[in-house]
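Structure in structure tokens, see below.
Note that the chains are named A, B, C and D in the order they appear, and that numbering of residues resets to 1 at the start of each chain.
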Amino acid sequence: MTVHGGIGQSVKRKEDARFVRGKGNYVDDVKLPGMLYLDIVRSPYAHARIRYINIEKALKVPGVLAVIRGKDLEAANLAWMPTLMSDKQMVLPVERVMYQSQEVAAVVADSRYAAADGVAAVEVEYEPLPVVVDPKKALEPDAPILRPDRKEQTNRIWHWEVGDRAGTEKALKESDVVVHEDLYLPRIHVSSIETCGCVASFDAMGKLTVWMTTQAPHAIRTVFALVAGLPEQKIRIISPDIGGGFGGKVPVYPGYVLAVVAALKTGHPVKWIEDRSENIQADSFARDYHISADIGATKDGKLTALRVKTIADHGYTDAAANPSKFPAGLFHIVTGSYPFEKAHVEVDGVYTNKPPGGIAYRCSFRVTEAAFTIERIVDSLARKLGMDPAEFRMKNFIPPEAFPFKSALGWEYDSGNYGAALRKAMDIIDYDALRKEQGEKRKRGDLMGIGISSFTEIVGAGPSHTFDILGLKMFDSCEIRIHPTGKAIARFGTKSQGQGHETTYAQILAEELGISSDDIAIEEGDTDTAPYGLGTYASRSTPTAGAAASIAARKIREKAQKIAAHLLEVSPDDLEWKDHKFQVKGVPDKAKTMAEIAFAAYTNHPPGMEAGLEAVDYYDPPNLTYPFGSYICVVDIDKDTGEVKIRRFVAVDDCGTIINPMIVEGQIHGGLTMGLAPALLEEIHYDENGNILGGSFMDYLLPTAVETPKWETAKTTTPSPHHPIGAKGVGESATVGAPAAIVNAVVDALAHLGVTHIDIPITPWKVWKILHEQGAA
Amino acid sequence: MHFEGTFTVRATRARAWSFFLNPQEFSSAIDDPHTIEIIDADHFRGTIKAGVAFIRGTFTWSAVVKERVPPERAQMAVHGSGMGSAFDIVASLAISETGGLTTVKWAADVQMSGTIATTGARLLQGTTEKKTNAFFENARKMLEGA
Amino acid sequence: MIPPRFEYFAPSSVDEAVQILDRFGGDAKVLAGGQSLLPVMKLRLAEPRALVDINRIPDLAHIREDAKSLRIGATTRTNDLNDSEVIHARYPILSDAAYEIADPLVRNMGTVGGNVSHGDPANDLPACMLALGAHFVVRGPNGSRSIAAHEFYQDTFVTALESNEILLEIEIPKARPGQGNAYVKLEKRIGDFPIVGVAANLVLGTKGTIESAGLALTAVGPTALKATEAERHLVGKAPDDAAFERAAELAQEITSPVSDLRGPAEYKRAMVRVLTLRALHRASARARGGA
Amino acid sequence: MVLAEMPSAGDEETGPFVNVHVTVNGAPRSATVETRTLLVHFLRENLSLTGTHIGCDTTNCGACTILLDGKAVKSCTILAVQADGREVRTVEGLETDGKLHPVQEGFIEEHGLQCGFCTPGMMMCSVALLQKNPHPTEEQIRRAISGNLCRCTGYVNIVKAIQHAANKMAGPSGGGQP
């Protein structure tokens, strides 16, 4: 007997009712009486000294009320603020701008239009300084020092390594075959369709409320309290509906702080909404990893060792959104689905004259960079050994019986069955027939490629013994309250940006409490009501807050059992929780439903027990979760133009227990498309002067419905042993796994021309150049 | 972006020198509507409504003579900002005279920053080169006394 | 995102519009579809003092064939070309090109006149106009005049249209038997500016040889480029590979592509050859009655 | 921070202004706006119809798509004054007499939305498509929405949602709204 909307059911989403009617409530929809507008003056230079900011003309523009400059903030000790990685970031510069389109001043006006006019009227005199955009040049001795404020006079931010350096060197030397690849993952941008913004408002009693596009409202409230010295009980952060986040709405952007300062100074609510060009040019970027990898194997194709060196371009400050002990995020999941004995990873963070950041782009913490590296270089190795890439993977996968598996770089994979997923993908796409077709086509000179990616992901950060952000442990929470009529409301410390939490959390609680999910209201994002949590990113919501929901519900069941026993006049031990109600063991029709129990909790609760039926849980996950999958991509290449067309893409994913199959499939479709995007289309270029080329949707091209293939999805189910309902995270799997499958397919199509790697995005002219040079075009 | 060129005119070297070092004269070779204000012999500033067809905005500009070896060599740096953008030009001149004919050898390094170099790059790709060449062509005609 | 201030006029006659343009002496711009003008204003890269909205002027949006030519009104929307039976059946080059301009939403507002006279070398219709031998009927303070397409495009964003003139109508020689044409566009992503575009227009004589040829290129020069030498080479030849290969080479020689986000110059020049061959083959197939 | 004194709203030096009268979702609406006011801001700020969204500043994303005299257009690249005397339909006008439009139903049934930000524009584009072509092929649907960017869904379910609506509107019982 199932409960309506329980786990495993593809119930329709609660959120859709308001979204399809245009009744969503996004930050730019917030309108308060007397609200002013803030717009930002930005630097045309990537590195320059500010001589003078002239605001006379701006103050005369009709509707302009105020202009905020760096020295105004300096007086209030707000010119600088900490980043999530404890580096320093400017709210407004006092002395120097460090990247093009950096905030330089803020104009406050009585309308959006007047504010824009004000920005155009602010005159700033700059003295250009030498620019460094290439991180490798930034490490050369004569490079200008970008951050003289730091102790050591170098552009290296940090050096981080893990693994057995000596053992790995030795194992590589002793390997029969070693393959080396240099992989550059260019800078890309999340470009969620809603840009960032906020409305900051002080009430008469000095309480600050900020509606803000943030994925982690509680953490923001605490950071504001610490940085601005505001009492935390007088700060309320509200994340209303968010139009996509993908990691881009985790950082604290200067615009937020400026709106708060403007609200304080003017005594009016102040709204700041950035344009798309500002969002792409100034907000946190993703990737920009220069990776150099070596992999070894025996001559019969058994993997031996993996060595990875990386230079990470962080812009002018390290504003990455990583757990604090991991400057390179979880990049050391780079051993992937393979049981390397010996592995060593080292990463150097470097300053350049570019915007700060290093956020996810839907990939947990640097996990796409890791999965791309291992699944690309494993392919190169298989090719060098003359082995079929599927066969090579099957031969080297961590076997199912080895779980929980301890990796050479310190992770304990909770569960996995990699061969089953790859086998299923091969069957669905009819792998052998494809290889045959490819052989025939190659004879005719047609270019067809088949690419595989069997990735392992690491999500659900994370155990508080190791995981914190600015010291805040990365637990998460759920608080449930059941009303007398058996309906319920539950609040969480996470914040959905489209993943459907209002529906999936209700399904977990429906399953655990025996209440229809239609009767459970889910709320997130208001720090005055929601229990403290670290927010939604890195596919952590289901693994942490989802677990908290189960545990909190089970706490309620403990109390409910006593009330049921009181009602049925039996001892609690005589009862069992079966078919979503408490039954007397052996007498199933003598039972009490949760609705009956809830009513009794307020009208007839046992003597000595407190009334009410509620519980809260702050869940500290014992381990991360390790979803995985196997993707197979088929591409056809136009010999004349070099264009790559994805003909088919089969994705088999395993994220353990699935709460809502419809929603999981939607996450995979979206994730695959954000894998296709960097593989074939997206890149932010910088010229040698630090100008951002491609700083608007005119030139930074997102995939449309025409480029996106009809994704084919399937699943296997390997539950997480340590999660209350066996669920792992899934929101980012496809973005992590897809790029390697696409690149492997293109390289496969050109392998007979001696191609072993092509850096993404694989544009038509990169392919044409290869064909042209090989005389095949 | 680097541009350079040479031209020969019948004018004397001194005439060519005075043309290029006198803001009132050399600014007349600028097609776009502009204003000019002389601070001192080596410093000038003003505004210019620069662009092509309807893509046009007002820039405030300031110039400084960085090197002055009359009548043979000079270098000037011009900085302008406007339209959320900025341009920085370093123009250098070498003027020589042989047998009554004066040869002017010029070079210009132009660096664009901000919106016109990013979002507007595609629109203004060839414009900078044309404008630089047009300026020196106008100068040549004026010196030729045509 | 926010355009600068301007005066707005919505005249109901061409002459009224011309007077306003004349009065502002180049500082007033025509607003037709606005899909090229408004974006540039929103980025504050253009600050005209006035906009003259010509959408309320009657009889500027039409697709008509008369005895001699096809007439397309300046404010005809780009999508109207896609929806027109006449265009699909007899002038497929125009529906080929229209279908690739920007996206269906922009094409509901953007006008044929705007795309033809905006002066961006990446606009797709100018090359079609050159290949079709079109003329532009424009009106200014001292009356109307007709400008041949090959004299219209002078430089990037600079056309023969004076700042006090309005484009009224495009006049294209009427399609004849044995005529076939096509537009082929290569782009990084649907709706993006072209990497390269090629417009080809062929008329085959009774003996099957090429009687007249129009060939023009998009996005590989300061303006749309008319490949005159290639056209001359084709006339009199059979529409075969040899003739097309040579025409493609001649077309490559007039290009001056720049390296940018849409590819290195070397690639663009190579794609001129690839796309010219595709456009000529499709045009000749259509000339012989194929699709 | 230099603080100028606070002028009253609607300061006279701004403008020039124009009166705009537009039928929006069947109701006559009007307001006095600047000539430069964009239609999307007229709808969101002057008429408080915040269902139409802004996602870019270069006419690329389509989140601002509405119907102008029945044609799907991007309201961020049209002046409010250009809509004077014309008919506008926004997402708020799709539901009639408490009954969802088949496109709205399709998006719910087929999970055609996740964050909801591109959805209003995507739906208005779909409504116009189905009016013009009641039985579009998958390729025609994908071309029709190529001006509407979505970052969450990967488009597969959006295509299904539109096909769902097409079947509903064409079906015997469906009938569907105009």
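The definition used in the following text is that a residue touches a chain if its C-beta (ideal position, glycine included) is under 8 Å from a C-beta of that chain, and two chains touch if they have at least 3 such contacts.
Please read these numbers as outputs of a predicted model, since none were measured by experiment.
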| item | value |
| --- | --- |
| Chain pair whose interface holds the most contacting C-beta pairs | A-D |
| Mean-CA-position distance for subunit D and subunit C (Å) | 30 |
| Centroid distance [mean C-alpha coordinates] between subunit B and subunit A, Å | 50 |
| Geometric centre distance via CA averages, subunit C-subunit A, whole Å | 44 |
| Residue numbers of subunit D (touch at least two other chains) | 14, 34, 36, 54, 57-58, 60, 143, 146-148 |
| Residue numbers of subunit C (touch at least two other chains) | 1-2, 4-5, 39, 43-44, 103, 190-191, 193, 261 |
| Per-residue overlap in subunit B, given as positions that touch at least 2 other chains | 84, 115, 119, 121-122 |
| Interchain contacts, given as pairs of chains that touch | A-B, A-C, A-D, B-C, C-D |
| Residue ranges of subunit A touching subunit C (in the complex, touch as defined) | 112-113, 116-117, 120, 275-277, 640-643, 681, 685, 693-694, 696, 698-699, 701, 703-704, 706-707, 763-765, 768-769, 772, 777 |
| Residue ranges of subunit A touching subunit D (in the complex, touch as defined) | 12-13, 15-24, 26, 28-29, 31, 55, 59, 62-69, 72, 110, 112-114, 190-195, 241-244, 246, 261, 265-266, 275-277, 497-500, 662-663, 665-666, 668-674, 696-698, 702, 704-706, 708, 710-711 |
| Residues of subunit B defined as touching subunit A within the complex | 60, 81, 84-86, 88, 111-115, 117-119, 121-122 |
| Contact footprint of subunit D on subunit C as seen in their complex | 1-8, 10, 31, 34-35, 38-39, 42-43, 51, 53, 55, 102-106, 108-109, 190-191 |
| Residues on subunit D engaged by subunit C in the complex (per definition of touch) | 14-16, 18, 34-36, 38, 54, 57-60, 62, 65, 68, 71-74, 76-79, 81-82, 125, 143-144, 146-148 |
